[in-house]
């Protein structure tokens, strides 16, 4: 049984399957499309959270009366830490400006009655964006402690509540995405394998005849398995194509409304989906063939 | 070639298709299995092919106990047999050529030789021009002849023909019977199941009468 | 009942199954359509049922031009016909009883009467005991008799029987032919397609010879 | 053709369909399950956003030197506004406490050098929670203006940025959920109808025979349509059952980790899914039957 014969048989079966082949492939395509859509959704939700995480800043309030050199040295020192993306200095004056703005115009007069500026100068440290898993959070807290320990730093503020919320959202969403993503994947596997099973059900008679003329289960199965894999492959590729079209035509246009740039699936995930589809197609065939071929 | 000892086949625990059959068919014999509609002819052939298992009794085909034969052995055994099924059992999605060629592919015959042998056998049943037709594009008689061609193509040791001329006119029927006799002369054991007593008697071969699942006379 | 004017049927634009057929069959006639395998018998019956359209020429059945008949009319026309298909065409998922009853359900016969009439007709073909079997549980001859029973059950005006005794032994075949003759006596027009010239001649009815798609003698 | 006959036929077909019926119903079940899972996800995301929205507060800073009666009158006045859920008074002292806490311990000494408390007293107004659509946002701004206009209120603060973000998330998510939900629903419709189509494909022969014995397309179709609808119904019910089990067994247990109580689908949506499934089942049959029955 040559490979050439096998592939020829599989292609021929597919072609002669007519509407049934078409419908089967369509169902596979749509199942994977939906799975892919879900992954796009989660990929983007993750991206948004990471984006939010990247906005997290550590504010290091400085000791009163540091001179320019000391401040520059401190800035340089902080910049060298590998998690740090950006460092900027906020003088006492700028701090007061911001404070006034925060309070609202109605209170500027009150603040102006103060004869000294009680607000400290500070250094704002932006960190390299990544999602806040529990692990990341700990690394972050470590960083905070490090900055607090530097000479010239009096006090450190980092929006503890924000970090807590981000960590909770990240951890929670990951969990939900894993659980629901798992269920979705199982569902897709189920639909694809059973659709192929339904298609093979109609081949019962022809399989019986082949058995009758002395073909072994292996000889009979191989072209069908290949056909199943082929259907999986075609469905997989079509679904990714469809997904990309929908992404370009719809999701990516939501940008105007959302002011957020939707991202497509990473290549490895696309590859994984297509390969998964092939395997499931094969598996679906195997399952139903096993059923027919276990008898005499 | 074939031995049956007290073979019975009961469907749905009440329909006695065969009852207490004792039978021996030697290698190279030509046997006619004659009986009216529902006598159990097809059932007996099914047991011999291993397509169904007997309810009781023992059947030996070419030395194999059909009640305990493995899947692998049964495949190998069937490759040495040829069948003409009463309902033809052609694969609907394959052409005439492919249907016949499949039998040869199973036993690993080379592409070139397959072409030659299929053409030869299609020529014998006068269907060379229908080589690339699908079964549903053939008349009933033509389908029957394809089934016969498929049974002959691998020069079987044992040939089971179930009513192979039921849909054929007298002229072609005679030719088909002639083909069976020829195969028998090349030492193929032939079992011809038919309801046509007249046909059987003119052949002047061994006749086994079946009626209501029992061997009569 | 049936008129054909220069009817041809060409499959795949090259296989001439019928060529230039002119034919008239009167109401109440019994006609045997005789010809060898592949002559075009089945094709002719298919055209009469409207299952296929002719490539050229005109066919009238019971006054309807079969080339221009509407779907609704064709259904109504078929309800007055009875068919015995060469490959039986029994519905696999329905029992013998249900297969025959379906024909009566279509014309709206009451449940009670359906039971009675199906039993009657099964009795005629000696299959009353197989009433609740599925087609695949029957022998070929039995399936053929179910097909015959189904064709007779609605007392058709026109009965088309395609090789209705191909799988039956002489005794039952005679009974079946007798049933067809009886129906004919009740004024049913009968067309019996067969490859069996002998059978046709003994009937002493009108014979139409077909060969290679043409009417011969 | 009595209804009794029809239903009997449809049930019988379903039963005799054997594995094919089983596989068909399974595929329908899983498709709807996935759709339902997506709806649970979106329902809960909405719920979380609404929860966040309900935390929005308006802070009304009061004129200096209002007496107790004036403050009580103001509180009562604000409470009477129908969008308002809760009102609480924050005195100058409490405000200072909070300010100190916000600044961090390192600076308490600086604040203590102040001889007067410059911070104003305020009223904190919680509003009745609802998601922040553009429309809601406008209503909210209207409310803010109303409170600002009250006698005794000097200035109003309401976390403009937070409201903007919430509105954006609400509007954006609604859009994404609508678009993806729509695509998911289309996908489910497609899979269900095509699975039924695949099942009917194997009935080609039997339909042809029925046509041959004079049955009209209507007479032939009706039991199949009913069978399709029945498959839709069974699949629909099973999927909702499965969804509920998964909800109880998995999603609802995530509560321990997420400290959020997952909610199930609203009854109307469940009903809608099941009815939709029936209709799609019917439609799937109709589509394929139409294909077979349009010929003579």
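Per-chain numbering from 1; labels A, B, C and D assigned in written order.
What we mean here is this: a residue touches a chain if its C-beta (ideal position, glycine included) is under 8 Å from a C-beta of that chain, and two chains touch if they have at least 3 such contacts.
Source: prediction; values computed, not measured.
A.B. asks: If you apply the touch rule, which chains end up adjacent to both chain A and chain D?
C.D. replies: A chain counts here if it touches both chain A and chain D, and no chain qualifies.
A.B. asks: Taking each chain's centre as the mean of its Cα atoms, which chain lies farthest from chain A?
C.D. replies: C
A.B. asks: Which integer distance in Å separates the CA centroid of chain B from that of chain D?
C.D. replies: About 66 Å, centre to centre.
A.B. asks: CA centre of chain A versus CA centre of chain B: separation in Å?
C.D. replies: Those two chain centres are 62 Å apart.
A.B. asks: I'd like the Å distance between the centres of chain B and chain C, where a centre is the mean of that chain's Cα atoms.
C.D. replies: 29
A.B. asks: Testing understanding: with touching defined as stated, what is the shape of the graph linking the protein chains, line, ring, star, complete or other?
C.D. replies: ring
A.B. asks: Spell out all pairs of chains that touch, sorted by label.
C.D. replies: Pairs satisfying the touch definition: A-B, A-D, B-C, C-D.
A.B. asks: Name, in rising order, each residue of chain D that touches chain A in their complex.
C.D. replies: 19-20, 23-24, 26-27, 30-31, 33-34, 37-38, 41, 61, 104-107, 110-111, 113-114, 118, 120, 154-155, 157, 168, 171-172, 175-176, 179-180, 183-184, 187-188, 190-191, 194-195, 197-199, 201-202, 246, 250-251, 254, 257-260, 291
A.B. asks: Residues of chain A touching chain B in their complex?
C.D. replies: Within the complex, chain A touches chain B at residues 1, 5, 13, 16-17, 205-206, 208-217, 219, 296.
A.B. asks: Report the residues of chain C in contact with chain D in the complex, numbered from low to high.
C.D. replies: 49-51, 53, 71-72, 74-81, 83, 85, 89-93, 102-103, 105-107, 150
A.B. asks: With touch defined as at the start, can you tell me which chain C residues reach chain B in the complex?
C.D. replies: 11-12, 15, 35-38, 42, 86-87, 137, 139-142, 144-145, 163, 166-172, 195-198
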